[in-house]
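Every chain is named by a letter (A, B, C and D) in the order it is written, and numbering of its residues begins at 1.
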Amino acid sequence: MATNVHAVFQVSAPDRPGLVARFAGFFFELGVNIVDASHHAAEDLEGNGSRFYMRIVVDLGGLSQPQALAKLDGSTSRRALEEAFNTLAQTLEATWQSSYSDIPDRVAIFVTRESACLYDLVLRQQQGELPCEIAFVAANHPDLEAVANSFRLPFFCLPVTRETKPAQEQQLLELARKHHVNLIVLARYMQVLSEEFLQAAPPVINIHHGFLPAFQGAKPYHQAFVRGVKLAGATAHYATRDLDQGPIIEQDVVRVSHAMSPEDIVRVGRDVERVVLARAVRAHLQRRVFIDGRRTIIL
Amino acid sequence: MATNVHAVFQVSAPDRPGLVARFAGFFFELGVNIVDASHHAAEDLEGNGSRFYMRIVVDLGGLSQPQALAKLDGSTSRRALEEAFNTLAQTLEATWQSSYSDIPDRVAIFVTRESACLYDLVLRQQQGELPCEIAFVAANHPDLEAVANSFRLPFFCLPVTRETKPAQEQQLLELARKHHVNLIVLARYMQVLSEEFLQAAPPVINIHHGFLPAFQGAKPYHQAFVRGVKLAGATAHYATRDLDQGPIIEQDVVRVSHAMSPEDIVRVGRDVERVVLARAVRAHLQRRVFIDGRRTIIL
Amino acid sequence: MATNVHAVFQVSAPDRPGLVARFAGFFFELGVNIVDASHHAAEDLEGNGSRFYMRIVVDLGGLSQPQALAKLDGSTSRRALEEAFNTLAQTLEATWQSSYSDIPDRVAIFVTRESACLYDLVLRQQQGELPCEIAFVAANHPDLEAVANSFRLPFFCLPVTRETKPAQEQQLLELARKHHVNLIVLARYMQVLSEEFLQAAPPVINIHHGFLPAFQGAKPYHQAFVRGVKLAGATAHYATRDLDQGPIIEQDVVRVSHAMSPEDIVRVGRDVERVVLARAVRAHLQRRVFIDGRRTIIL
Amino acid sequence: MATNVHAVFQVSAPDRPGLVARFAGFFFELGVNIVDASHHAAEDLEGNGSRFYMRIVVDLGGLSQPQALAKLDGSTSRRALEEAFNTLAQTLEATWQSSYSDIPDRVAIFVTRESACLYDLVLRQQQGELPCEIAFVAANHPDLEAVANSFRLPFFCLPVTRETKPAQEQQLLELARKHHVNLIVLARYMQVLSEEFLQAAPPVINIHHGFLPAFQGAKPYHQAFVRGVKLAGATAHYATRDLDQGPIIEQDVVRVSHAMSPEDIVRVGRDVERVVLARAVRAHLQRRVFIDGRRTIIL
């Protein structure tokens, strides 16, 4: 195993004294070096005690050391590590998951006609900002095929009408499965996904071109103009069956003024959108996002 | 008349070619120097053509020059100036108002128990940031009397219950009239003012400790916490009979995170609130704010 | 002449009463509608009185009306308009220039190896955010040829060494002339341009990946890291012979922290850089930027 | 010992595997609950390996439990806890310090003539935002005596000339000692403190009304105006013998424009200054600030 493969463990458990020491101690005793760790105890809003969240990044190089071999019964496999961790987790009623830097996430990007967010994600992935592979681009319109081609990304055009929606969503799910996709990013995909799709699909991140919870639904920038707000914003969130109500991952704003037309607000809003979406996708890929009811914890 | 007395003319008219030249030309021909001027033509959202807004700041020193004397029939009074301006305005179907730097606005500040915004406004007025006189502080609780006293400001405590509200509001109106108040600032006054009060009162500016139009009503910071938003904001707006729906004058935000308790969000929100309120009051006092339906134009 | 061709007049003159009325009146009398106008009087820092700057956008449709025909001696050409305006300008000791929306600026983009700013400018131009034509991309390294090709933009690779620099700069100037370029944008072009080049070239806008005047010169983000600053910024400015000292057009910042590596700061800095550069180029193309000594006025 | 007394341990050590587990484990084994913990390993800029910083907040209520009694040889005193912690720290070559929520810091505020920062700090302390006692206000001018009096704070006026500076600084040090001051805040104290003073004094936090490292020294806002910057900022830092070069704790900016006079920039700068200073003082009081050479780590 290469020295520089890192694993991220995401843990969540009912809060109690000693959790940091227990989880950090687990890796310490194995001789596996913790590269980064952070945690947060979120008070339960219904008063049922608080819940503990921890993100631990470890260097798997230590797995081949004698110390780890002894503890893991001679095995240095990730499976052995995971089984040992699971034993600890069960003691503490913790749920957890792990990911590995040499198995990057595979991302599908869904688009309609607007290219800004698509370009932005692809260019950031190329720059190394987004630790993932882009599996394919799917669209309900053919307009962005040339963009996908210029980056040699598979492009699937699946037009959709009210009647064909169930079938089209099945095709999208099938594509996602075939390409081993574990994250879908809606980069200005102008369709509402059905509850059935969302239940069957991997996590879906959406960019809402408005400041949630204000101006939900269509044309938020136009709404912002009519109402004369002085700030326009964008919100990246997990898609859930309640449109625009999923847990918020990231938000930001820009200042707008009466002197700006709805088109101007769209233009400056587009700059915020793509930065907000990129930050959210990056946080997800780095396994920094924990969902806590309707909220997220970003560690 | 002292050289350094300035007048601000606020004009609004149906848009047509030549308005800038006509209004600017009026003062130029009098020999009255324009110190600052700005304008904006706002498209009507119902498509009835656009409306023109202009703010003109002039140095009244020029009124005593022969040029002005000749044009104004030998009179250099403000009244003569206003009459001449009104003649032009009528030609152009314009509405207008003027204010003078040697007749500062008189402001009443309404509070309940929280001192931050009150301190902030009073200190800014002392620093010369807010061109006004503070006529008095009114409260429905006695808590902030000492603060008012320390700045030698009259303090009136008018407790209010559901039953006494009409009478209490009459007292407030009476106080405002007696003290020649032409602006009321709700600096965390935790009462909803009745439609009757708002119709009888001078303009009322309110600070909403949340990002409108999201999180209207009570406890917006707590709502923000539950929903896990990543930004908290404040909105200053004119009070109208629709609670929290009046024209927005100024807004701003601060970044918040899951690691902050509702109290933390309140704390950082307080910093935004007072800055936003101060900016809005200053813009109003400088006659920069024009109301255009549900929106404001800030010139 | 098509109704929707707009002209922008940029005027600068010693400040005196009546300038707004005079310049606005010029177009009013012609029946040429002012679409947008703004002005500013900047105090001279050496106390030599203030200087007046005005930007006037007019709809040239009015030029074919009888009113204009009469005033301009029967000619409706832009030349006749310019000559008439020049007569007024001379009376007021004003300097001025005009530009027309149907003759877009031609922009050359200089790059080295980094693609982010290049992509950003090209995509914005395609979206209609930047009213210009991109004449060509020039580079001292071949790396970005494929990017230029994917947008069908001419790409010229002109490597440079200390010895070949004068010759290479001559080639760049020749290219700029041949392609009728009137703006050069340094989109992370990692070469200092000589004074000779800058004197012979059209205006040059540079993006400095740091917050000027701090951290001038190379590796500003690394400097920012060592010094532990809490904000990183970017500055777009006109290139002048004093490296990084030209008039600043636009600046912005992002928050950074001790937890970010120099690479992280570069990454978030890149997001600010490209937004700041795009805003500066847009302001220049819209003729909003006036140079006032070492400062700019943005109208 | 009351249940709700908290202690903060600040630890710094050469980085090595297992530090989080060791320090967290220390408290876990005592049955002392960790309320909050965060850490960071900062790469050494000269390549001498990295240094580990950790902040641990514990609830001292656990000290009276049998588990702690057993481990600490029957003593539940803070001294016993500190001695045990010191033994661990020495093993790991760590330096550390502790502070206790029932022994608040005592802060001296130094001012000259401007009241904004003084008011701000005092009001925040009253609101509970700054966990400290304000021991006294010292000034080299009498102007702010009334402000100190209105909050019933001791006020010492110690005028200073070049000749009397050493003696005046001795008096300030004497006052600080007598009032058990462990933090000095320069809230627009317009004097440079000598190296001798800084060596003998408790930590000193200064607010620089400009964006460091740019515009060091006097009149930064005026410098900002002349140079036409588009942002103005403020920096809070520890005072060191190199003027304006001490480790930066917090920074922020506001947007400015050509339309603002130097006085306007001062006005908006003042709003940033006081917020930045308050955040820095709060971070210091909460023991979140670690000094790492010329940088700070904020945990």
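By our rule, a residue touches a chain if its C-beta (ideal position, glycine included) is under 8 Å from a C-beta of that chain, and two chains touch if they have at least 3 such contacts.
Everything numeric in this text was worked out from a predicted model, so none of it was measured.
Chemist: What shortest step count links chain B and chain C in the network of chain contacts?
Modeler: Between chain B and chain C, the shortest chain-hopping route counts 1.
Chemist: Give a one-word verdict, same or different, on whether chain A and chain B use largely identical residue numbers at their interface, taking over half shared as same.
Modeler: same
Chemist: Taking each chain's centre as the mean of its CA atoms, which one is most distant from chain B?
Modeler: Greatest centre separation from chain B goes to chain A.
Chemist: I want to compare two interfaces, A-C and C-D. Which one has more contacting C-beta pairs?
Modeler: Of A-C and C-D, more C-beta pairs in contact link C-D.
Chemist: Go ahead and note the Å separation of the Cα centroids belonging to chain A and chain C.
Modeler: Centre-to-centre distance between chain A and chain C: 38 Å.
Chemist: Distance-wise, how many Å sit between the C-alpha centres of chain C and chain D, to the nearest whole number?
Modeler: 44
Chemist: Give me the residues of chain C that touch two or more other chains.
Modeler: Not one residue in chain C touches at least two other chains.
Chemist: Quick one: which bits of chain B touch chain C in the complex? Just the residue numbers, please.
Modeler: Per the touch definition, chain B meets chain C at residues 17-18, 20-22, 24-25, 27-28, 31, 33-34, 37-39, 62, 255.
Chemist: Quick one: in the complex, what on chain B touches chain D?
Modeler: 115-116, 119, 123, 127, 129, 150, 267, 270-271, 275
Chemist: Can you list the residues on chain D that touch chain C in the complex?
Modeler: Against chain C, the touching part of chain D is residues 40, 42-43, 45, 211-215, 226-231, 233, 247-253, 257-259, 261, 292, 294-298.
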